[in-house]
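Labels run A, B, C and D following the written order; every chain starts at residue 1.
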Amino acid sequence: MTSHRFVPDRYYNVIGSLPPALHVADGDTIITETLDAAGYDKDDVNRISGPNPMNGPIFVEGAEPGDSLKVEILTMVPTRDTGFTRSVVAGNVVDPRDVRGLPESRKVFWDIDRKALTARLAEPVSGLEAFTLPLAPMIGCFGVAPSLGQAISTATSGEFGGNMDYRLLGPGATVWFPVSASGALFFLGDCHAVQGDGEIVGTGIETTFEVTVRLSVEKKRTIIWPRGETADDIFTIGNARPLDQALQHATSEMLRWLETDYGLDRTAASHLLGQVVRYDVGNVFDPAYTMACRVSKSWLKRR
Amino acid sequence: MTSHRFVPDRYYNVIGSLPPALHVADGDTIITETLDAAGYDKDDVNRISGPNPMNGPIFVEGAEPGDSLKVEILTMVPTRDTGFTRSVVAGNVVDPRDVRGLPESRKVFWDIDRKALTARLAEPVSGLEAFTLPLAPMIGCFGVAPSLGQAISTATSGEFGGNMDYRLLGPGATVWFPVSASGALFFLGDCHAVQGDGEIVGTGIETTFEVTVRLSVEKKRTIIWPRGETADDIFTIGNARPLDQALQHATSEMLRWLETDYGLDRTAASHLLGQVVRYDVGNVFDPAYTMACRVSKSWLKRR
Amino acid sequence: MTSHRFVPDRYYNVIGSLPPALHVADGDTIITETLDAAGYDKDDVNRISGPNPMNGPIFVEGAEPGDSLKVEILTMVPTRDTGFTRSVVAGNVVDPRDVRGLPESRKVFWDIDRKALTARLAEPVSGLEAFTLPLAPMIGCFGVAPSLGQAISTATSGEFGGNMDYRLLGPGATVWFPVSASGALFFLGDCHAVQGDGEIVGTGIETTFEVTVRLSVEKKRTIIWPRGETADDIFTIGNARPLDQALQHATSEMLRWLETDYGLDRTAASHLLGQVVRYDVGNVFDPAYTMACRVSKSWLKRR
Amino acid sequence: MTSHRFVPDRYYNVIGSLPPALHVADGDTIITETLDAAGYDKDDVNRISGPNPMNGPIFVEGAEPGDSLKVEILTMVPTRDTGFTRSVVAGNVVDPRDVRGLPESRKVFWDIDRKALTARLAEPVSGLEAFTLPLAPMIGCFGVAPSLGQAISTATSGEFGGNMDYRLLGPGATVWFPVSASGALFFLGDCHAVQGDGEIVGTGIETTFEVTVRLSVEKKRTIIWPRGETADDIFTIGNARPLDQALQHATSEMLRWLETDYGLDRTAASHLLGQVVRYDVGNVFDPAYTMACRVSKSWLKRR
């Protein structure tokens, strides 16, 4: 297995079938530095406009449609002392009658303490004087080229992954994406230092990271929606609106997974999920919302 | 403060402006035994048909429209050795194309070990031989008479509470409901021994409980949607379809709460929620879905 | 068949199992004068507050759960020279980002010319100087007592009918409601002189009418959602959010109707609907939205 | 103005920033023959697989981001004696509980009488023996390259147009698309001989056409969503799920149009739309649903 340091010479605002910027072998590790969601690098130099510039595409040898691309997020190291958020919850997460009562949203800066691994608002806000957040890094947007040669804005997401903004997609997590193009064509970017459920202000704490991932091909493991795993849980991800539909996608994918890998037919899986499933909201800000269907590994025995 | 043992002589399938079965003073404690969701009591005698028969209404002296009724769930003691669930996830939680692949759902029984406080399927299911669940009791359906003299089926929910099926509504939790009728007219029932997020098989483990609650009136504390508190968190609850709208209700209510009780204006509340909010799915089975907006108390200082 | 002139001595803001104000025989005709949506009568005297005060309940002899109540809307005669609307589209019918750009909505009056059968804004509005609308009367809110003894706000709707705000429910139309209580317990009110699709300002032109309806019982004709018929079309009505779900209810009901009354199995009905169905938006303002599934009678032969 | 006969040598399953197949001047007319949705040509030869192969892209000189591309649909002449539909309504348009009762959907053929301009099922279906439909041709999928260099599947739609499946998009209609790429890059295909609202069997009567369109650039006419016009109406189109959101997009776009071109501010536009708007369902089958907001020209005077 080789380790590659990938320094893009250009960035993309779409995930799609574009000319590979890097070729790697199955199982290789990639270290790369991401821009923030607005296209600024670790030195605060604007390199491209938003949304969510991507590093990639990375062509993984051997990946073909019908396979899965396994992405292990090994490390995420913040590379800048500042991050930004938007200042006000999005209009679509409050009752329509309450939209008018929201102030205008603006860009707000955070100080990131890379030694203490904390973040705090750069300017004091009344009532939040003591608001210091431990960093909880995650990748906001990543995935593989979608089907049919599509190229899709990094503002949104789909079966191929994309801008899912799901908190659990951080260091230690493994994610599988359905391969639709030769070489999978992996992209990543838009990393967050911290983010609440739903990304309801339209951002996490957006900053730059050095990210290390390992990419492997799982041949003939055909999945429809992204799947993932942490030390504690397995989960599936649905991306759609309304949340109801995202939840349907995620639940259907979990039923398939429980059957093929854990030997649970629909009834057994229903007994399990009915009493122990957890649903997590990824984002409710992007054009497609994200819902994860999660099950603690403590209930599962892979066969 | 008095403690009342409330033995209903009839049960209701609606929550509404009905003749009070019990009058209590502000701050009184009520101990009552609930039927299961299908109307069976602790001796497995069917007392009424479903859905979700209610004990109530309880008239709380001093409660008037514009006030809140505070409900402290003090204890929930299971009173039967059996519970039931439905056997298959509901059609509305999977992709429409996958509905056809679901087996027919049927009633399935569980053994409840009231000493060990665990539950397991009464009949073995392949792959779930070791599936023993710790009890996590919760009230599926409770609330107060809705506005306008309405009486609403216990199959659904609304601003008045009702069939929310939210996991955190168990012993130790406190819930506030908006009072719309004199005396509040509190109802409860439909308790679950365990339930996953979403109540996606259409039930938790449905059984009978002895429930102890304390009811208090908070004068002039006008709220729109139910609010709650556990040892760790505060939360607000929205009930509607799609989930997107339930989430809007809950988020709007949380913004109001953070402003009045915690001194956080919309911007400060946005900074807080944006990075630390958690959304929990109550149910995605009933006519109205339920979403909770939850914040860890560790971030909050009540003023 | 008898004709009754029904003068309510009280009005209701709910539709439910309340004491009958009038008993009629199967096939009787009722003439009654309705208040406007805000509770004002034809003399502009406020008789009750909103929402949508109802005349009723009318107990129809012989109607039992499992039957349908057939409501023929025979005539609707406006009884006042004024109507009102709200002045601005509701926040929920525009993109959330556009809510802030809407002016505050206020009550606006219209002059109704009962001879010419037209309506126009009482105060001139720039750009609408020539805006004179032909009256197109319709009943905004009507239906029968819902199941389980419920009493549901006239702000919303359900299987029992209610506040559907569908343009085609005017003179000449026939509507069937599913009976859930003995005597059906029919209510009506909230009539509109004109209304666009969706009732997107939150009102039609709200005024008072003298309405004549004939009520008949169709024994053992069990339906789930309201059905209707005009000179040209048959239609079914679904009430829910999101519109997607309202559409599902209406389409499912139409498939049942086409099978039982027109001899079209699911495939034949699909061929028909696939190429000729029309969907009409009733309202997208109330808590439950309304969608009608409509088929021209020219394609149908009742068997 | 030149007239071009455009014979593609390849077809696309996406709409996006691809190499132009034809360059035309502002105002030119294009005559082109489309494949059916499954990629069969007028001789029933399969030329490409689905979904919805497109003729294009056509580069229109002078079109730049911020402009609108005006598409006049001049004629649509069917070029084959057969069409196809799917045989059963889609699972997502009925209640989840009713999905199981639907037969399996299969491809069904129709005979198209190009002299009489009618279509009928090739194989008799019980109850539909006399079911002969007048042709009502329309373009199912057309539009311009979306923003950011995206290329999006012709199975879906967005601000750029795409697979909207809206009945009114036929001969005589004019449509405007927001230009996001130099030359606009226009695509079209997927024409239907007939289609009901919602495209609820997943197809109209899919066949091949010779289509004539005129393409013109309207400089600096910046729109967000597609707009259209027939002899009788103007309309705006929103593409999204749920239908509620599609309706929001369409309504917001109509408010903008009424202001800039008809001099109606938000209040005047609200008075107009509130009482006369019509909403039409395009499709409720594709990943993005389509809703049109339509106003009769009889109410409007362009300033």
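Here is the rule we use: a contact is a pair of C-beta atoms (placed from the backbone, for glycine too) under 8 Å apart; a residue touches a chain by one contact, two chains touch by 3 or more.
What you see is a predicted model; the values in this text were computed from it and never measured.
In this structure, the chain pairs A-D and A-B differ in their number of contacting C-beta pairs, and the larger number is found at A-B.
Taking each chain's centre as the mean of its C-alpha atoms, the one that lies farthest from the centre of subunit D is B.
Measuring from the averaged C-alpha position of subunit B to that of subunit D gives a distance of 47 Å.
Once the centre of each chain is set as its mean CA position, subunit A and subunit B turn out to be 33 Å apart. Residue numbers of subunit A whose C-beta contacts span two or more other chains: 92, 96, 102, 241-242. Against subunit B, in their complex, subunit A makes its touches with residues 85-89, 92-96, 98, 101-103, 105, 108, 121, 125-128, 131, 133, 194-201, 203-205, 241-244, 247-249, 251-252, 255, 262-281, 284, 289, 299. Residue ranges on subunit A touching subunit C, taken from their complex, read 90-92, 96-97, 99-100, 102, 242. By the touch rule above, subunit D contacts subunit A in their complex via residues 13-14, 16, 146-153, 240-242, 245, 287.
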